[in-house]
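By written order: A, B, C and D. Residues from 1 in each chain.
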């Protein structure tokens, strides 16, 4: 149809960096971009697990560059763009979703707090700055898309989520400030906040305790990573003047961070 | 492509009520629904100007019912569903966007306050309740979509917007409560908040003063009603478990209710 | 001590209008103002139950004017200032808290919606405009205090609160816009949002069903109206440059609209 | 008067830790606590500049312990309580306000980001956890007060504030989660958000450029640190069941992060 061929056209020729592309939403987003705009798309998939990235790349069968990157390392982020093959450096879209789990005050380990902030917050900020320096070189003050994956946790603090919520609130605020700072450019700053999505995250969050993770979803039908990926690609595929600045996506049984309906 | 044919399929056979369909976003939304899912769609277009609705209907060339309705009249809303031809009563989607302008305290005329609340707030609430009584009859607690058009004004109060902002904040709160109240059903409650869109509204807002309205947009490129219509149809076209609960859409030059970049 | 004698001094000679003064927070506020600044204070107590107002006035034993006023009547509000004895018209502080109960969509009676908006929203807006026209006559763009009693319900929508929350969200937005519109004056616009307070409201809210109201408080220790009154008087008693713009007050067992700890 | 002698009594015998006590709001808060409750108060003043803390202590002439502490050092925070003289360890109130300045993306130095998060966010979180472990030992799940100094910047992101706003948003979210997590205790979690206050911060923020700092305040009358100190002491001085959970304090010329009126 017309709408989606328009979208496919708008994405043509873009170089897209996806962080957290080895799993969950990031992985689905890679697949969805490739599906929507099969021609001339360059996808740079980053995460720590390079082998998994290679599997995702093989699945997509398009021009895909798997790239090992730990965003919590400022050094790795600093050298990221420079280490890309030259023809992959002209980045158009940065899609950032990263994640480290939760704990409850006052028993939160110092180390957990540090890793969470280093990944979700300063990691994302550093990546953003790295990519913005490319965007800003373009005409009219600059062009390009930043799509940050936030969370309902960044909008509504909840019990047991003090650190995770704080990292997401920080990123939400950063994203909003950034949009204001770049208002005289054509750079688009967008945030997409999912509610419950079934991914590896649910397991990571409970430090690998799958039984505990399953309990969270019992009687619920969470979103799939593909559901969020479709919203991300829709956002990137709008005409340049349209900024899907801030979206919240829930599964049908959820109405707030902790308001869920469970079928018994 | 696959994505949009999936969407087209999901919308098939739906009966969709659009309020404020004689102009702006509502009018574009009618056209966009017809474009996306050309088969078996029933569009009920409502507003006060029946002649204009007939023009829109003629343009669409599908099964369209123009219906004169002043939502600020509780009586008209109360009898609305009953007055529909029988085969048009099984409503699936209510898309509500209505609007009456702005003024500054303490010089806001009592009458203006009353009309604004009667249209934007109690009008929308009454319509919602009328349609919910149909939705609730369906299996599993009920099914159907409510899509309310809010505004950045409902998120951020601003100078000179005290009444308009208050009406949009009321609707935003109502929408969120409603989503919580209906969590055990399959009813989806969604809100889409546009920033600047070029429609008749900019003129209505300044009581017909076109020069003043034009000044607001000078040096800016606002969104078109079609841009918002595409987001509305995308929201309605998600698979049933996906609720695009709350979205903010800006043109590229805008970053907050009153933060705009003007080219000089 | 120095602090409170400073406060007492700052309030000296003020004419203070309290709406909803026949019960709960309004009644306590009247008593607390009189207690804090016993000299030359003029208290105008308004509500619909004039007899109860007279009882409150008798209790206070200061210069108090009980005044019958239904804020949901635009006519009564319009003539309010003009009907005051001349020496009571130079109002300095308007403290507004009004209230009409709750219900659940889609079974909310049209009449309930209308009364709730007419009282909590347009009633308060009309009172505000009436008093602002006095404030604006003073030097430097105007001076005086507006203190609106909001609610946690205006910050967080909740299930079963769709209309009450919407009215409080509207007032919250109105209050914020107003503060922006009056920024070039010395008029202070303040909002105080209580969590659970034990007042007649809990009974009114459940249409007189005291058993239901008691159930809400079982195992909890709510705030008293005096607790909120102390915050209101503290706000009014700051030096003129200090605006306690927006405060949320919870009892110790409450952390959100619906997050309460009940002792079993 | 009765009110303030009640307050003075409630604060009697408390051990109060103030971070950032060498300057601005923290310094004023120390003085205000001593003034309000002159008997049996223990004030622990912390900051990096021990000499300045000693000056503040000398000024107060009460039982005051100046204590050198860099909150951005997890080691120093970890050993903080243990290093206090034994009779100073039974802490009742933690008042936390810390600060490191601002810059604009994408030119924010990595080091600045790290120091800002280490001070304002993880520093404050670490201090909170250290003190909570004392609070939790008390009866009924624990007792004590945490008072965090946030900022309007944590509520409203603004241009040029991306990192500072993000740190304050993180703390705001953390504070709210914490209140929920500790709801079954008597521990009170409070946040006070100032608008413009004239302190050293304005100079720190512009990396020592006093001329730039002065420009921000030209034509404005900011709050004084004492104004905020009075609100902090008022919050700590409420009866135990009353939690002044979240307050925003503006000077009269300010209505939002970036909405100020300047006299010309």
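Basically, a contact is a pair of C-beta atoms (placed from the backbone, for glycine too) under 8 Å apart; a residue touches a chain by one contact, two chains touch by 3 or more.
Worth saying up front: this structure is predicted, and the values here are computed from it rather than measured.
Greatest centre-to-centre distance from subunit C is found for A, with centres as Cα means. For A-B, the equivalent interface within B-C, C-D or A-D is the one where over half of the contact pairs agree by residue number, namely C-D.
Note: Cα superposition of subunit B onto subunit C, rotation of 180 degrees, nearest 5. For the pair subunit C and subunit D, the fraction of shared interface numbers is greater than half, so the two copies use mostly the same residues to meet.
Spacing of subunit A relative to subunit D, judged by their CA centroids, is 34 angstrom. Averaged C-alpha coordinates give centres for subunit C and subunit D that are 30 Å from one another. Each chain gets a centre from the mean of its Cα atoms; for subunit B and subunit D, those two points are 44 Å apart.
Along subunit D, residues 159, 176, 180, 183, 255, 259 each make contact with two or more other chains. Across the complex, subunit D is touched by residues 1-5, 8, 35-36, 176, 179-180, 183-184, 186, 188, 195, 221, 223, 227, 230-231, 234, 238-256, 259-261 of subunit C.
Interface of subunit B with subunit C (complex): residues 74, 78, 104-106, 108, 110, 113-114, 117, 121-122, 125-126, 128-129, 132-133, 136, 154, 157-163, 165-174, 176-178, 180-183.
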